[in-house]
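These are the structures, in structure tokens.
The following pair of complexes shares a single chain, chain A, combined with chain B in the former and chain C in the latter.
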Partner chain A sequence: MADTSYAPPADIDARRTAALVAGLLGLAVCAVGFAVARDQFFRAWLIAYLLWLGVSLGSMGLMMIHHLSGGSWGMVVRRVFEAASRTLPLMTVLFVPVWLGMATLYPWTHPEHVAADEILQHKAAYLNTPFFLLRAAFYFLGWNLIALFLSRWSKAQDEGDTAVTRKMQRLSGGGLVFYALTITAAAVDWVMSINPHWFSTLYGFIFMGGQGLSALAFVILIAAFLSKRAPMNDVLKANHFHDFGKLTLAFVMLWAYFQFSQYLLIYAANLVEEIPYYITRTTHGWQYVALFLILCQFILPFSLLLSRDLKRASNRLVIVAIGLLVMRFIDLYFLVSPEFDAAGMNLHMEAGEHEGGFFLHWLDIAAPVGIGGIWVWMFFTQLRQRPLLPIRDPYLQDALESTGGH
Partner chain B sequence: MADTLQHSVDERPTPPVIEPGHTFASVTDTISNIVLTRRTSIGWFLGFLIAFILLMVLNLTIGKLLLTGIGIWGNNVPVGWAFDIINFVWWIGIGHAGTLISAILLLFRQQWRTSINRFAEAMTLFAVACAAMFPLLHTGRPWLAIYWLFPYPNTMGLWPQFRSPLIWDVFAVSTYGTVSALFWFVGLVPDLATLRDRADSKVKKMIFGVLSLGWRGSARHWHRYETAYLLLAGLSTPLVLSVHTVVSFDFAVSQVPGWHATIFPPYFVAGAIYSGFAMVMTLAIPMRKAYGLEGFITMRHIHNMTKVMLATGMIVAYGYANEAFFAWYSANPYEEYMMANRMGGPYGTFYWSLIAINAAMIQLFWFRKVRDNVALLFVLSLLVNVGMWLERFVIIVTSLHRDFLPSSWDMFYPTRWDWGMYAGTIGLFMALFFLFIRFLPAISIFEMRTIVPEAKLRTEHHG
Partner chain C sequence: MAHVHDVPAAHGLMAEFDNPTALVEAANRARLQGYTQMDAYSPMPIPELDAALGIKKTKLPLIVLTGGILGGLGGYSLEYWSSVIAYPMVIGGRPFHSWPQFIPVTFETTILGAALSAVIGMFVLNQLPQPYHPVFNVPEFARASRDRFFLCIESTDPRYDREATRTFLDGLHPLGVSEVAS
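Moving on to the complex of A and B:
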């Protein structure tokens, strides 16, 4: 190993600029959308926001798991996890449109609507605007603090302070508990309450599994990019991609397991307060999206990731990862959009029968590109600030010598 | 992974997976002597006697049940399911730790599984045996069970209800039992051959010789063995999730408030692993003490198992929090009443006891001081077993005893036959376990040999 500083490769800057341009273009289109199709803008923004927040939080979650479990798979991409989790301040700011769009997105924000609905009156103690914002502030405060401290200690570790290793482990334990609780509550607040009558106790797990999957897919992209350039071409080897592939396979299965469990139980019980969720999603064109999800977020990646050769070949694994990121978006689209009609109006805004149907708006392309571009720019900005490996981590040498495994 | 690492981060280094100083010979001697040469201790006889007495209680309760019928149990409308299903779920859950240790930790190449996998797998088998008794016996006439449970082609066109998760249970549990038994036995073959070679009497040689299936330890044997073992591990891995998922479906596909919750599958699986690790600890702590196996089942194992209990216990606690929140959030009066009744109704003490154990007490596992205190951990593990039994009791009984019609509300009181059969299965479990420790190598000899320093040249064992 000639170079032990592990400085990021220079051509990160080109990618960073490209991402910024794409992001600004996307945001410009979003701004037009905000002016001409405001309802669609808020809905599309929420979906795109959830996708990229999922990469940030999923990375932070996997990083905390790595701090607790150790293992070579996490050590070689810890800096990627850290950079992704340091996008959280940006994501905090980008939450503002969701706040502004509450009246469009959430029927329970309208007092006259609540007054006509007994169930919403019952839920008003939880689903009300001040408490919603207070909770959001609490989640963001907690997530940012965790990211901040893990990042700060990691930097201190680079400067020779090994005592922080234990601090990082300790915070990760509590941090995972905090993450599980807050992401569950956030999923209820931001997504489940779009249809304020519906509920499912598995919802938090679905989000955690999805965010883990998004983060892994993203990490595979970055790892493959870095593995072709000095200095990481000496470090990232086939066995690391093998491990990433196995973890991705596990998360793909977990995603299918959660979705199947929720579907089977609601379908079998066929209760009037639960089944509308799946009636909406299996009629009026949405059933094809559902089938597409089963095919492309489970059957296809599952079959592909069984192959050992594919997992070890970063070129091919990257294709699966890109596909999975696209599917993550479609999955989130499928969680949110069927509750809206083609004009962007929430189906539960007014009492009575109100049916939607499959639609896709141009903002649904612009928003993920806009947020994603800015996100990736921020990510690269963070990634290039530090060595690509935690050079003073006491476990590093062991991780580099290990032939893989966890 | 970090087995060889001296942790410089910490003034308290991580304990090794095997006590330094062991060699190939000392590993083989220590483990095989328990079976072959060591005198059976008084403690073993005492323990077995207790187990045997309880086993006789089981025989008595089964005899009484078959002669009289299941009316001897306390369950009756509206609590139509009680100890039979509680104990079934409790036992089958306990088995899951064995499968997780033997299959998933093998695939993840976790070296520390090596000294605990053998007896954890045995525990799985015995727990499945105990669990399977309840659904069979609750039919009242188990000799007819095949007629009710298995879809044999019959001329009257009578089939079991395939849409019922109870039938899925039959398939899930019988698959689980079969694969676990195969996995366990295949893993035993090389060790049985070692015992055959070291046995001093003709009878022992014969028995171990037959059981070891002609194992000679040739390179070809080993090659096929490794392939088979890895394949069985792959087959067992989905079973860790699927069996308890199907068990959770027994409740969750219904419409009963308190049973119908979409979180049940992952929450039951986590609970199963949690209770299973508690049982592994309950067995490992006295066993390593009695047979002087502290060099093999080291503090590293104790620490790691405690951490697994903490992680899975936290998922279970998360499940409780979810159930409580969504009972309110659902705005469904039946859901809300179910939760209010669980917390403040006649079985409220049970609910709060399980919360005290599974949500509050396990927070102690965060502390290294607690993880170092083996005697305390033994007590806490026993309590976890109690807590998980209470959890099943609360889920099953409190959801049923006050259903939609207040006029049909009633209490459930277990009879002595309920308790007798439960205690009896504990006897069966203990008796089988005592026999296992005495007659088979409780720790895998050949796998332990791969982690002594002499074997370090070939570190990639399960590639």
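Moving on to the complex of A and C:
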């Protein structure tokens, strides 16, 4: 092979600039929204933030799985995972609007509301503003440290340090446990507590499965982009896309499994503490969103991804991946928005019965574009700093030579 | 079906090679010559052989899909029949046909149907176990599991001709060509 430096292709720069422009435009619209529709802004921001944080954390999770399991599928996109996990400092900063919006998003932040609600008084030891912020700081500290060390050691490996391979494997073992625990807690804090009476023990796993799915869909897009350009056109082959497709199929099923398990348990128990969650989501227009999710984030991608030919054809797999990323947004929208009314007010903020109904605000388009544009810009900034393959990894040669794709 | 010739019906003609490259090359030449009923034997897997022998894609995925769908329909029907028709009982105030509760069993029987049809379909398609196979009548074939590579053109092939096929195989420069008694 003539070129073994695996320098990123030059036309990444044009994509990077385009992403920055889209991101800044989106953020400008968000700024207008912050001024004129503040309640909607915070809700829309939270959903968009969770979508892109999911790509960062999902990539980090898959990267840690790859460090532990090895395999050609992860080796050829390890640099994509690493670049995506290095967006975490940016995502830490972009959490600030969620902090500022706590009063809009979370009913338990209002002392007078808690005073009138006995259940919330019992939960106050956990659901209170200082502890919420402390926990968020703890999650971000841990995630950033894992991403920092895995990235730093990977760079040391490029420079010839062979001892780091073992270190990366060890950190990945503990890191995956930390990720599973913190994402569960973060899902409870940031999303479940929007409806502070309701609870589900499977909630964190729904986020974990979703984040893995988001990350895989994103990686398929980047891998397809890279596979059409030097130097990766010699590396990324049909068997790699076959593997990505198989993993995506597994995560589609995993996501559906978690979602359905939660639904089945709540449906079967039919308890007054739990069932309102699904009553809200199966009435007033939300039932069509639910059906759309079942159809387009499970049945359709599941059926398509069964095909071996589709999985091996990167240009067709990309269409499925784009569809899945859109569905990831709709899924998060469906987790958050039914708890709000069309004006962006939390339905649980006031005592008594409130009824929402399906709505979509223009900020729900602007926020994912704004955060996404900045995110993708940051991603490309990170991706172009290093070779596209871990050139000194002891397992790289095996990975490149294997034709089976595992 | 009695043959008028004195020649006993053979299973086919088998050429012996000492390296995998020659085997793949021979299979390619035989395919281009128009032979379709042939098989290759090698001590280790050779990925290129499938294409060289002109082996078509396996039908197994279709069998597994059918098995899975039938298993799913069977599981759901069983639940429907038992909860709605045979033993309609009100449990927890839910309707008889409370489909979410039927999904786990439907899922499991889908997997069961797909897994069973994968295993059974595989054995039906590859015709294993096979206690007798004519290729073992050739003494040299014992080395097929060690260091020799064989290409056997079977007598069921429409282009098979005892003399012409032997001449063709000889032209591939094998270590030897043997007639395989059936």
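Everything that follows uses one rule, which is that the second predicted complex is superposed on the first by the 404 of 406 C-alpha atoms of A that agree within 3 Å, B and C clash if a C-alpha of one lies under 4 Å from a C-alpha of the other, contacts with A are read in each partner's own complex, and residues count from 1 in each chain.
Basically, contacts are C-beta pairs under 8 Å (C-beta built on N, C-alpha and C of every residue); 3 or more make two chains touch, one makes a residue touch a chain.
This structure is a prediction, so every number in the text was calculated from the model and none was measured.
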Report clash or fit for the pair chain B and chain C bound to chain A in the combined superposed model.
clash
First (chain B), second (chain C), both or neither: which does A:35 touch?
neither
Counting only touches as set out at the top, which of chain B and chain C does A:184 meet: first, second, both, neither?
first
Considering only touches as defined above, state whether A:122 meets chain B (first), chain C (second), both or neither.
first
For A:264, using the defined touch cut-off, is the partner it touches chain B, chain C, both, or neither? Pick first, second, both or neither.
both
Mind working out whether A:272 is in touch with chain B, chain C, both or neither, as first, second, both or neither?
neither
If you stack the two complexes on chain A, which partner ends up touching A:199: first (chain B), second (chain C), both, or neither?
first
Touching partner for A:308 - first (chain B), second (chain C), both, neither:
second
Comparing chain C with chain B, which touches more residues belonging to chain A?
B
After superposing on chain A, which stretch of chain B overlaps chain C: 222-230, 294-302, 402-410 or 438-446?
222-230
Per the definitions at the top, what is the overlap between the chain A residues touching chain B and those touching chain C?
264, 268, 403
Within their complex, state which residues of chain A touch chain B.
70-72, 118-119, 122-123, 126, 162-163, 165-166, 173, 177, 180-181, 184, 188, 197, 199-205, 257-258, 261-262, 264-266, 268-269, 271, 273, 394-395, 398-399, 402-403, 405-406
Per the contact definition, I'd like the list of chain A residues that touch chain C in the complex.
260, 263-264, 267-268, 270, 306, 308, 403
Chain C residues touching chain A - in the complex, by the definition given at the top:
47, 61, 65, 92-94, 98, 100-101, 103-104
Where on chain B is chain A touching in the complex?
1-2, 4-5, 7-10, 108-110, 163, 241, 245, 249, 252-255, 260-266, 314, 318, 321-323, 326, 329-332, 366, 460
